[in-house]
Each structure stands twice: as C-alpha cells, then as structure tokens.
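Alright, structures below, take your time with them.
First chain A sits with chain B, and in the next complex the same chain sits with chain C.
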Partner chain A sequence: MREVVVKVEDLKFRYREGKKRALDGVSFEVFKGEFFCIIGANGSGKSTLCNALVGLVPYYFTGNKKGSVVIDGVDTDNSSIAELSQKIGLVFQNPFNQLSYTASNVAEELAYGLGNHGVPRDEMIKRVEYVAKLMRIDHILHKNPLELSGGQVQRVAFGSTFILEPNILVLDECTTQLDPLGSEEIFDIVKELNKTGITVIMVDHDMERVARCADRIMVLDKGKTVCIDTPDAIFSNPDIVNYNIEAPDYVSICKALKERGYYSGDYKITEEPTVEVVKEALVK
Partner chain B sequence: MAKAYNSYVKRDTFKENISPNVKIWPIFSYGLSAIIFPNIYLGLGLIVFLFILAFFSKLFKGFTKIMLGFGIPITLMLIFIHGFYGSKNETILYDFGPVQLGLEGVLHALKIVSSLLVFLGTFYIMNHTTYTGKLVASLTASGVNPKVGYLVLASLNVVPQMQRKLSVIQEAQTARGVETKGSLWHRFKVFVPLLGPVVLSSLTDAQERGMTLETRGFGIKNVKQTHYVEVFYTKTDKIIKYMLIGFFIVTLIITILMRLSVI
Partner chain C sequence: MRIELISLGHVYPTGDEALKGVDLVIEGTEPVAIIGQNGAGKTTLVKHFNGILRPTSGQVLINGEDINNRSTAQWSRDVGYVFQNPDDQIFLETIRKEFEFGPKQIGMPEEKIKEQMDFVSELCLLKDKLDLHPFDLTLTEKKFCTIGSIIMMDPKVIIFDEPTCGQDVEGNKRLKNIVKTLQDMGKLCITISHDMKFVVENFRHVIVMCKGKVLLDGDSKEVFSQVDKLKQSFVSPPPITRVAQKAGFKETVFNIDEFMREFDNRKEK
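Presenting the complex of A and B:
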C-alpha cells in the first residue's frame, strides 16, 4: 500500500474579506513520490490550496478555515510554518516574494533557509554549490539578488526552496518569468527530483506539460474538487471544457483523425504517441 | 535596477580582519568615554585618532567629508546657542554689543560636538569596514536573537527595495506619457504622488516577506542559526575587546578622580 504524505479532508476556507469560499470542501490524498498536478481556471482556488498546504492559510491569509491538512503525519494546525518547512517547500508564483532581502549575494540567498535550519557551514557550502550548478546559476553566485533578471530570480527562488531538501515540493506556477527553454530546464530538474522520491504538487496552466509530467491530476472549479484522475482520463473527458480547461492539442488531433475515420483508438495526450497515431493515419 | 545598500567595499586593510563583534565596541567605549570625561581634550584626541584610523583604513576622503559636513554646521549652531545664551557663561571672550560670547558656553558646545563626532566617526569606520552579513552572523553567533539580526539586515535593504518600486512606477508613468524628467520643481511634482503607493506597497511587501521567511524556516524553535558567511573570533579580537573595555574603565576612574579633585 502506498504511503500517504498529504491528506486534505473537507477543506473549506473563506478569506476574511471574501463573500464566497475560496475552497469549498476539498478532499484529496497525495502519495509518496507522486507527481500530482492541480489545474483549474483563474480563481478556482489553486493558489489558496497551495498556501494551505504549507500552513500560510490561515496564519498569513486570514479567514475562516475548516477541515484538515495533514503533511507527513503533521496537522498544519498543530505546527508552525517554519517547522513545516522541513517537510514541505513552496515555490511562489512571484519569485521576488521568495527572496529574503537579507542576502548580499545569490550564494547567501540560497543558504538563508539552511542557516535557519542550523545546517553546518561546510554542508551549507556544498549544498549551495550543488544547487547553483543544478539551477545553472553558478555564474551569478556573487551577484546581488536585487540586480538579477526575472528569470534568474525565478531560478534562485526555486533553488532556495529545493536546497532545503523537503520531502514534498509545491510549485505554484513557478516558471512564469522564464522563457520556454528555461521553463523546460526547470521542469526537467523537477522530474529528476521526482524520480529520486520527492513528492511534487504542481499548479500549472501549460496542459501539455501537465499531461507529460503528472501521475494524477486534480481539477478544481470554484473551490470545489471536480475530479481526480490520471492525465489520460482527465484530458479524454470532453466535459473538462466546462471548467475552462483546454486539453493538449494532441487530443484535438486524435479527435479530428477519429472523426474522419483514420484512427479508432484512445485519445493521446503527449507528443510521441500522437506522432505514431498521425503516422498510422498517413499510411491509411 | 536599484543597487542593494552596502556601504562596505573590500579594501584589504587591517580593520577588515577584526571581528565585526569587536568593531562595535569602539562606538560605545570611545563614545561614552568622550561623554563622561570632564573636558573636551579626550574627545578631541579621539577625533584625531579616528582620522588616523580612517587614513589607514583607506577611508580618509569619505570620513573627512562626513566629519566636516556634520561637524561644521553643528559646531556653529551649538556655539551660537551656548556661546551667546549659555546660562553658565562667566568669562567673556568677545563682546558683540547686544550679546557676549562666553568661554564656558563655547567649551560646552565643543564638548557636545566632540562627543557626537566620536560616535559618528566610530560608527562610520565600523560601517565601512564591516560587511553587514558578517556583522549579523557574528552577532547571532554570540547570542543575539536572530530576529534582531534580521531587523538590522532588513532595515538596510528597505531603501533599495523602495527605490526599485519607485523606478518601476516611474517607468510605467513614462510609458503612459507622463513626463518624469525636467526641472527640479517638475520632478518634485511628479515624485510626490508616487510616495503613497510606494510606502503602502512596501508595507504589503513586509507581510509577504514574513511569509517567505517562515516558509524558509525563520523562527524555527530549538535550532541554533548558522550562517554562510564565515564568523571568526581570534585571540587578537579578544585582546582588542578587552583593551577597549579597559580604555573605558580607565577613563571612568580618571573622570571620578577629577570630579573629586584628587587629580
């Protein structure tokens, strides 16, 4: 039986100044080592949910919270955000929010969290070097974080979370400042981390990427869970358009070929299987 | 883009090799000594010493500029107040007709100025020979609460952060056709309405910063904070620290003896 590392039960949350609930009875479980994606239209509650997972709701984002969030056996209501940071790390949507504003250079910025966790200096230096190389920011370690470009800050922000080696990584649209190539580089790293056993919970609007990476997907709409299933099942479902979600183009290609009688199998959601389907159709 | 605040520039001088913890001591040791000493001679002597220290720390130009820039106007102002209107004035130095310049008032003014300059000078040298990150690391390593350390660093970074916001808003205004350049008065008129949004957004940022810091483990209980920057405390540092404490104690003893008219 797979180990549950995140358990959310009937989570309801309304912001203090809000009239409607941002989260309305959300329940789900995430297993150890899983790549779990959360999708939904703007305002569906994705970021609120991410903030609830790391304990920022309701401590920083105040309001009325009901239900429970258990991270690696610890209820977020019974733990401080700082203590939870040993188990779960969040990469914010806006990378500038991730900076500590206390460091004079990127190396210190990366090491900031390690210092808070009491990691010895020798170990700290090793981890900073490793993460800087991994994130391809080793050439800017001496630079001031305030003088970096948006993309560079995003890499620093990601590195500063990952360096703490949390078991669970929450990514809330964390590549908005990066160009497509840079974005892919980061996701390659995330996939590699996931392969090493780190649980990834990702919010993203790029459905092709979600289809490629996710083990399971949760669809949120107006703060409610619509469904939780595999990428194939989610994107093959024609009803998802009702929730302002557009399936990857590959699904449309398969659908068009099916309608014209060139293909009879399941819809494909990623590039390579779709290429095979198209090849098959061309032969026909 | 705004540069981060950092008055420290590596100059490879002996002063940089002293522990930041120890470099704070002269501010109190010299400053308090100048205050308690009954006459101005110690204060003046310390100012001369600080000029020599600044020279060897490769800070002479900047140090002179700030000492004169602050010292001259404040000296003139205090001499005017205490020299002409001091209640203890007995010895008249010069008679201007309606007002007289009194020796006691002038000495009192110089005493205040010399004490202030000793504080200013020691702080300037400490600030320009110490990397702030190292100072905070050193303070927290010696037992100061990490929250106090954060307060020091964050305060120093508020200015560049606000500058950055200001330049972003200014760029947005320029893009919308608002003329942000021109005469001083015009620039002032454009600048003033920006202050509200900049200050308010900085307050919002402070909340977001708190969030970020906690998600990165700030304030975690029962963990002794460590630092990326190297913290050192050598035998020489220890000796310098005791010498500075000794200097204050000796000054205190001499002051008491002088007050009791023993010497």
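Presenting the complex of A and C:
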C-alpha cells in the first residue's frame, strides 16, 4: 500500500463574509511522491482548498468549516500554520501576497521563513544562493522586493516556499506571470524534485502542462469533487467542457486527424507523441 | 491614436536600466500584444504611455504631443492602464464605487457615468457583483474589476498588463470579447501577456521585447515563425504552432483549422 500524505474528507467551508460555501464536499487522498493536479473553473474553490491544506483556512481566513484535512497524519484542526509549514508549503496564486513586506532585499525575503524553522545561519546562506540560482534571481538578490517586475516577484515567491524544503509542495497557479520558457524551466525543476519523493499538488489552467505533469487529476466544480482520474481518462472525456475545461490542444489535433481517417489510435495529450502522429499521418 | 517612441530610455532611481533605447510606433485600432521575458521592460514601457513613468532619455509622443506636456491625471482621460497586480489598483469597498471613482475624478457627467456603468458591468460580466467587496472576489474576478474601472473612464487607448493570469475557458472568452468590443468602438487596445494561446487568438500585431529593447515587431505569423529569435526572449510558440513546426509544416499555423488546411496542402505534395 502506498503511504497517504494528504487526506481530505467531505470538506466544506464558507468564508465569514461569503454568501455560499466556497467548498461544498471535497474528498480525496494524495500519496507520497505523487504529482496530483486540481483543475476547475474560476471560482470553483481551488485556492480555498489550497489554503485549507496549509492551515490558512481556518486559522487566517475564518469561517465555517466542516469535514477534515489530515496532513501527514495530523488533522489541521489540531495543528497551527507554523507547525504545518514544516511539512507543507504553498506558493500563492498572487505572488504579491506572499511577500513579507518587511525584508529590505530579495536575499532577506528568501531567508525570511528559514529563521522560524531554526535553520542555522551558514546553512541559510547556502540555501539562499542555491535557490536564487535555481530561480534565476541571483542577479537581483540585492534589490528591494517591491521594485521588481511581476515575473521576478513570482520567482521570489516561488523561491521563498521552495527554500523551506517542504515534503509536500502546493502550487496555486504559480507561473501565470512567468515567460513561457522560464515557466517550463521551473516545471522541469519541480518534476525533478517530484522524482526524489517530494509530493506535489498543483492547481493550473494550462492543460498542456497538467497533462504533462500529473499522475492523477481531480476536477472541482462549485466547491465539489466531480471526479479523480488519470490525465488520459480525464482529457478523453467529452463531458469536461461542462466544467469550463478544455483538453490540451493535442487532443484536438488527434481528433481532427481521426475524423479524416488519417489516424485511428488514442488521443495524445502531450507534444512529442502528437508530433509523431502527425508525421506518420503525413506519409500514410 | 498614435503612440511614437523615439530612442526611449528609462533608468530607475535604483540605477536599473529597464529601457535601452526603444524606437516604436503604435497606431490605429488594431490590437497590439507585447510579449517577452521577465524583466524585459514591458511594464516599464507601457507605463510611459500615460506618463506614470517619464522618459529618462528619448521621447514619447502621443498624437504628436510630448508626454511631458501634461500630467498623468490629464493623460489618463486618453490612455488608461490596468495594473499587473490588481491589489495595486483596488482600494474602495465595492465594485460599484471602484467603477465610479475614475469617471467622477475626471468630471464625467452623471448621465454618462450611468450609461458607462451599464455597459461596462455587462461587458465584464460583473452586473450582479457590483455591490460586493473586491476582497471577496477571486483573483480572476478582481482582474475584471480593474479592467472595468479603466474602461469606465472611456479612454481612447487601453492597456492591459497580464490580464490572462489564470483565466479559465469562460474568462478567456470574456477577455476576447472585451478586446474585440474595444476595437469595434475604435479604441486602441495594447496587451502584455505571457499566454501565447491568448496572444495568437486575439492579436495580429505582436511586439517582442528583450533586455530593454524591441527584438521583433510585426505580424503575428511572421513573429512566431522566428523560433530561435523568440528563444532569446524566453518565448515559445503556442502548442498547435509548435506541433506544426516540429512536423515540418512551412506555414505558421495558430488554430486547428489552419493546421488541417496546411496538413492537406502537404499531403497533396
């Protein structure tokens, strides 16, 4: 049996100011070392769910919570944001909300969380250098975090979670401000990390990326779990359009070729296999 | 409207040289997309179009008039900028108040404000959310709130900085409709984006920036055919275009219809 590191059971949550529930029955398990993706329309509750995984719901965002969230054997109701941050780290959807607003430069910003984790100073310096290089922000370490470009802020936000080396990494649309190749680069890093046993839970609207990364995908709709399945199964299901989701463009290419009788296999959901299908169809 | 940049340079007070001599003309009503790597200077560039930032060298001309002739408040009637981070722009307690704020500042008549309110809340699909607090919205809804409050002022040029951040299928359609509607109204819409699917679907004029300069400026098909140049600025074409390029198609294609047309052409040969 694979080890379960995240277990969410019939989770419901209504923000204090909210009229209706943002989460209205979410249940799933994530296994150790898994790459688990969450997709769904705007407002379906993805960010709220991420907040619940790291304890921001209910400790920071108050409201009415029912059901349970268990991280690495500990119910978040019996824990605290600080304690949870030792196990699970979140990269926020809006990187500007992740800044401490007290650090005077990027290096300090990156090191901000390390102090609370009791990391010694020389280890801190090593980690800052390492993460800065990885995120390609080593040239701006001296700069004020409030005087950066949008993508630079997102790289810093990513780095400041990453540096804590959480065993479970939650990514809430964390590359929306990044240039296309930079964003691919960061996902290659995340995939490498994932291979070393780090569990990744990712929210994203880029279905090409989701298809490339995910072991399993959960579809959320109006705060409810609709289904959990493999990328192949999810993206070959025509019903996903009902949840405001579009399959990767590779599926439409395969479909179009199939309709004309140039192809008869399964729909491909990633780039390289699709290129092969097209090349074969051309010589057929 | 015509925006002309003559060897525009910008050095921030920190000493960071964000723009290194940009020569550029944007005119007419054809929507324009600006793309390129993080830190390339896109946001810095467009903040010069209504004087939020002032050139530290070179010149910005709006319809021939030097940007330094007027204050940002005055230019904002003509050129509206929607911030990259919505929280930089939102500060009132309801969307309705956000929408009314700008027009009241510029002395727009009550009648016109009402008309604009109907039009904009319909366009941004926020009609039944007008009395909500912006902080109770999701990030993507906030983005539409900031877009709406700029359109409310009825400027001739509208600049969106990264409007696509995490929109779903419906959100992208809504944005598409906004860009199209603005064009039909004779406005000039300039959009910064990292979402290449969105760019090729909505913009024929594409400008690529790299390290404080303009790297490419032209028709989207031409721009996205120059894969190696795009790489310099950390851009890659959208998925369908890439598959076609890797399968050896000569023409640059952006959607499935174009893809199949080109496929058939090659098949015949």
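Methods note: the second predicted complex is superposed on the first by the 284 of 284 C-alpha atoms of A that agree within 3 Å, B and C clash if a C-alpha of one lies under 4 Å from a C-alpha of the other, contacts with A are read in each partner's own complex, and residues count from 1 in each chain.
To be clear about the criterion, a residue touches a chain if its C-beta (ideal position, glycine included) is under 8 Å from a C-beta of that chain, and two chains touch if they have at least 3 such contacts.
Predicted, not measured: the structure shown is a model, and the values here were computed from it.
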Please determine, from the superposition on chain A, whether chain B and chain C clash or fit. clash
Just chain B (first), just chain C (second), both, or neither: which does A:Leu178 touch? second
Just checking: does A:Ser68 make contact with chain B only, chain C only, both, or neither of them? Give me first, second, both or neither. neither
Contacts for A:Ser79 in the overlay, against chain B (first) and chain C (second): which applies, first, second, both or neither? neither
Using the touch definition from the top, say if A:Gly150 reaches chain B (first), chain C (second), both or neither. second
For A:Glu208, is the partner it touches chain B (first), chain C (second), both, or none of the two (neither)? second
Using the superposition on chain A described above, determine whether A:Ser252 touches chain B (first), chain C (second), both, or neither. second
Which partner chains sit in contact with A:Ser100 here, chain B, chain C, both or neither? Use first/second/both/neither. first
Let me test your reading of the model: by the given contact rule, A:Leu164 touches which partner, first (chain B), second (chain C), both or neither? first
Given 117-125, 135-143 or 171-179, which one is the stretch of chain B whose C-alpha atoms run into chain C? 171-179
So chain A touches chain B in one structure and chain C in the other; where do those two contact lists coincide? 97, 144, 147
Residue numbers of chain A touching chain B in their complex, please. 54, 56, 60, 80-83, 85-86, 89-90, 92, 97-104, 107-108, 111-121, 124-125, 128, 144-147, 160-161, 164
Per the touch rule, the chain B residues reaching chain A in their complex are 1-4, 6, 131-133, 136, 146, 150, 153-154, 157, 160-161, 164, 207-221, 223-230
In the complex of these two chains, what residues of chain A are touching chain C? 15, 17-18, 40-43, 47, 93-94, 96-97, 143-144, 147-152, 155, 173, 176-184, 205, 208, 241, 244-246, 248-250, 252-253, 256-257, 260, 271, 274-275, 278-279, 281-282
Given the complex with chain A, which residues does chain C contribute to the contact? 12, 14, 16, 36-39, 42-43, 84-85, 87-88, 133, 136, 138-141, 161-162, 164-171, 194, 196-197, 231, 233-236, 238-240, 242-244, 246-248, 256, 259-260, 263, 266-267
